[in-house]
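This is the structure I want to talk about, given as structure tokens.
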């Protein structure tokens, strides 16, 4: 179980997160939704320690990881998947994946790269290409695959649909859904594309100006027309 | 013809040392986007450490290793203590900082070891090799120089291509934030990058000092020639640095041999400007055009 | 903001007035323009000199001032010259003419020296000769063999040379080579300034047709002379005559071996000290030969000599130098070297001139004394000085020697000549001068 | 020291919003004070003041270039060399005896450097950061070596520089100096007066330039070249003009240096000279003319002080001489690490915390730090 309590962060005088609280359960997809600038990406960056929190805690299975160094989080089983540009463009597909497996959750077996290629056959075909030669969809597969190499229990996904064709988004979300079930993952999915996100999410959290304005089962959110119009744009 | 051959061989040996030095600059550029103008002074310091050991009758190769180790330590300390605060800041800061470091290391070495010119021994003969009756313009030490530089390059290729540590270092250099998210201790990798670079610089220092006189200024030409060799190859590309070093070594050797030593820096400047203005990404950089 | 500005202007006005008043009151104490008294008191004479204590010319030359200082201590201990102790200010110019200008400025204005004595180097001293003469400061016994110190006293009346000049050295070398190696293909290795130029001028008087290649170097520039040696090699040179400083003797030898260039070598006096060059060569060679064995690397080289050196411990002069050095060297552990002997021999000439000058010492009187009596000074030089009102050039000759085992073996008797087309003659007369028993000129 | 401060006082005020007239008044007062101080000093100190003046002129040009247009030049030693050789060659032809000879020589030095400034400035305008640093550093090494190429430049041993004797100066100058200082002018004080007069004029010119439309353009280019270009400023042209102005200052400084050193030789224009100038402007604060003056004062007076300090700490003379470059290097490092705005900038922000937006600090400021 992954829990965020009263988390706040600021860029200089500007408050970007203001007392955000939510929990994400094992084997479920929790979607964090909101308009551009609502604080979604900042939320993930604060959880990972890339942005320093001013208040609040982040807990992973009851353990406080708020002040844990970014570099150590993968060994606690938490993987933050930055948006698709987060491939290391100068490295090849295989090297990106190898890198993902170097710092694993403690005491876990290394994940064979071939397993990732089974999940994403397209990556297997391009294994020796450098990442900057990949298409947007392939890059997204690569960053997800790379995160899986660390055998995480919690996966934080930042805008996996950004800039991708709807067909590709659907494909990736299908894969994700499958993974959550087969690997018992906790997934926190940050998305601007609320409609698609809610279609695979179990639970939804809506942010506006750094604050949680709604937190409810995904189906409920999708049904709330007023909320959708106000914050989710569909 | 004989002179041309001699000049060419001399240029290759010189070029090998420039290559090693450019490689060191390239390692640092790749990891921290900083051109280390203090590299030459750092190599000078390590060479002096080796000289002190040699004068205390320590065997040559032990002193060589000591210089390498000293370079490694010096590079690490400098990155951690002095360079870290300006990483990612305005680029002028790093330039001025490394130039200041250049002056400080220079002066401190002079105060510690004295400013006299002192002979520096070579591990093998510095007499030309004879083939039959004619001697050719390369010495066993020259051959050793090329071999050592080649070994260093091979070592770096193995490190970066085939080891996890090398993969971590490359990742940290290319994209620090993503690397941190993947668990790479980026700070440590950058320190290691500087340490390795300084060790490679130390090798260059030992090779240029052998069979010559050293004084605290003996590495100064490398401040510019090393930079030019690295830019020639594209700063980002280790292979380019090596080729850039060889091209520069040969060019300067021909200029010195056929025109006059005093024009060498001017020719070097010409080469630099042509590369920067005509092919800014360097002769061998695969990456897209860079902003110079 | 405006208020601060206005206050600043007020403050400035007050300060300005204050400093103007202070300035008007302080304008009196100017150093006396009457040069005679500067640097001389009843009990002291202050002299100064610039030397390359650092930089490419430092090996060897940086030892010269310690010879001076030891000899002055010796003289001062014996009561000084006419009751005056000699104090010497030594400044480092790193063999860089710009630095020479700066340190000379300091010596004149800050240290207020009476005279410059044995400032070293052709390119360096050249930078300050005009200045010293303009200011009427005696510029005695320059440590360089360039002609310009003495061939035109009308232009530089205060300046005197000391050692054998490079032109007559070139002539003597040239004649020796022409007579003994008439078929040699000669390459000249020259420092790229008046030093090399003077040497080339003298050499060409005899060897113009034998010289097949001329290579130059810049002090402080590259230390790799492979290109120069390659050029000699490709032109078939089999005798190199070098007018260069000691480090460059060592570096040219290393470079010659590096490109496989074999030749006979003839280095001018200033670049040939076997102990020093041998030590440098040894330190640069594979496996680091002990310095004492380095002198062997010099075997067979030729050079010239106008002073007896450490290789002649039985020479009366060398005995004197050894005695002075043993008792008065500041760093007792260091050995007597030919450079220290050079310094002491110059110091000896200075003391000789000051003694001859008498008690009434002025900047003009010392110049007059040397012009009038200098040519009769008996000293350690193997040939007499040429000092007169028409010439301020120093020692008039030298002998050609070959280096064997660190010692020099004469190939010719002492040869004496002058610049221009003066004939070269044998003259051993000055070589037999011996020091007075006190060791101090009377 | 008190007097020195009084010279610096007026210049140390912010130059903001001061019109040409006030610049002139300040400069005039400063020059009169300088004359009084110089007149009351020993010949030895006079040579130091003269040295300070030409360093300040060069540093003033450099600080304008780096502080206002954001281009770093390590080649100003080379530009000083060009100025020095130009002035020396002219003085050599004219004999250099009269005041007119001196001014002609200095004007030629400035003109030649303006030309060289354009030639170097055009390619330099296309470079930034480490690239321009490396290129100008190479320039600093390469240019003085040209003296070994052409015989007319005198090779390594350089050219002697004739200097006007006090007796050859016009009577009215001799009278004027005597009137102000109650001391007869001689060649040492003449060079110091000349240096400070030209320093005052140079600083007035530079201060006005930096307040003018041209100066505003430079700052715009420095702070954000992309926006500046969008606003219609021709980037390359603005940079070339800045480089040329700064080269002219370096040329004047070089000419004065030649007269003071009385020798123009390649050995004077080492990498160290260029780095030393950089230390002076960084110490004072990039972009600040008063800072450049302070930096130049350090350059002229520190070496002797530091060497004495080193010797009293038990170092040999040759070791003690190395204390100075160590200090310069430490200055560069410490200013960057601790006080990127330099002395003047730091004092100013201490005095008025309100002026957070001081454009000086941003010259070195962390404009690259991203918050998103």
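Residue numbering begins at 1 within each chain, and the chains themselves are lettered A, B, C and D in the order written.
As a convention for this text, a contact is a pair of C-beta atoms (placed from the backbone, for glycine too) under 8 Å apart; a residue touches a chain by one contact, two chains touch by 3 or more.
Protein names from UniProt, one per chain: A = ABC transporter ATP-binding protein; B, D = Branched-chain amino acid ABC transporter permease; C = Amino acid-binding protein.
This one's a predicted model, so the numbers in the text were calculated from it and none came from an experiment.
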More contacts between chains, A-B or B-D: B-D
Chain whose Cα mean lies nearest the overall Cα mean: B
Farthest-lying chain, centroid of Cα atoms versus that of subunit C: A
Euclidean distance of C-alpha centroids - subunit B vs subunit D, Å: 33
Whole-Å separation of chain centres (CA-atom averages), subunit A against subunit B: 43
Centroid spacing, where centroids are CA-atom means, of subunit A and subunit C in whole angstrom: 79
Where subunit A and subunit D are represented by their mean Cα positions, the distance between them in whole Å: 56
Multi-partner residues of subunit B (at least 2 other chains): 115, 221, 262, 264
Multi-chain contact sites of subunit D, meaning residues that touch two or more partners: 148, 318
Multi-chain contact residues (two or more partners), subunit A: none
Residues of subunit B touching subunit C in the complex: 2-3, 6-7, 10, 14, 54, 60, 115-130, 134-137, 139, 141-142, 211-213, 215, 218, 221, 253, 256-257, 261-262, 264
Subunit D contact footprint on subunit C (complex, rising order): 1, 4-5, 8-9, 11-13, 15-16, 18-20, 22-24, 26-27, 30-31, 53-54, 90-92, 96-99, 101-102, 105-106, 109-110, 122-124, 126-128, 130-131, 192-194, 218-220
Interface residues, subunit D side, partner subunit C - complex: 2-3, 5-6, 9-10, 12-14, 17-18, 26, 29, 32-33, 36-37, 39-40, 42-44, 47, 148, 155-158, 160, 181-183, 188, 261-263, 265, 267-268, 317-318, 321
Subunit B residues touching subunit A - in the complex, by the definition given at the top: 164, 167-168, 170-171, 174-175, 177-186
Touching residues on subunit B, where the partner in the complex is subunit D: 34-35, 37, 82, 85-86, 88-97, 99-108, 110-111, 114-115, 220-221, 223-224, 227-228, 231, 260, 262-266, 268-269, 272-273, 276-277, 291-292
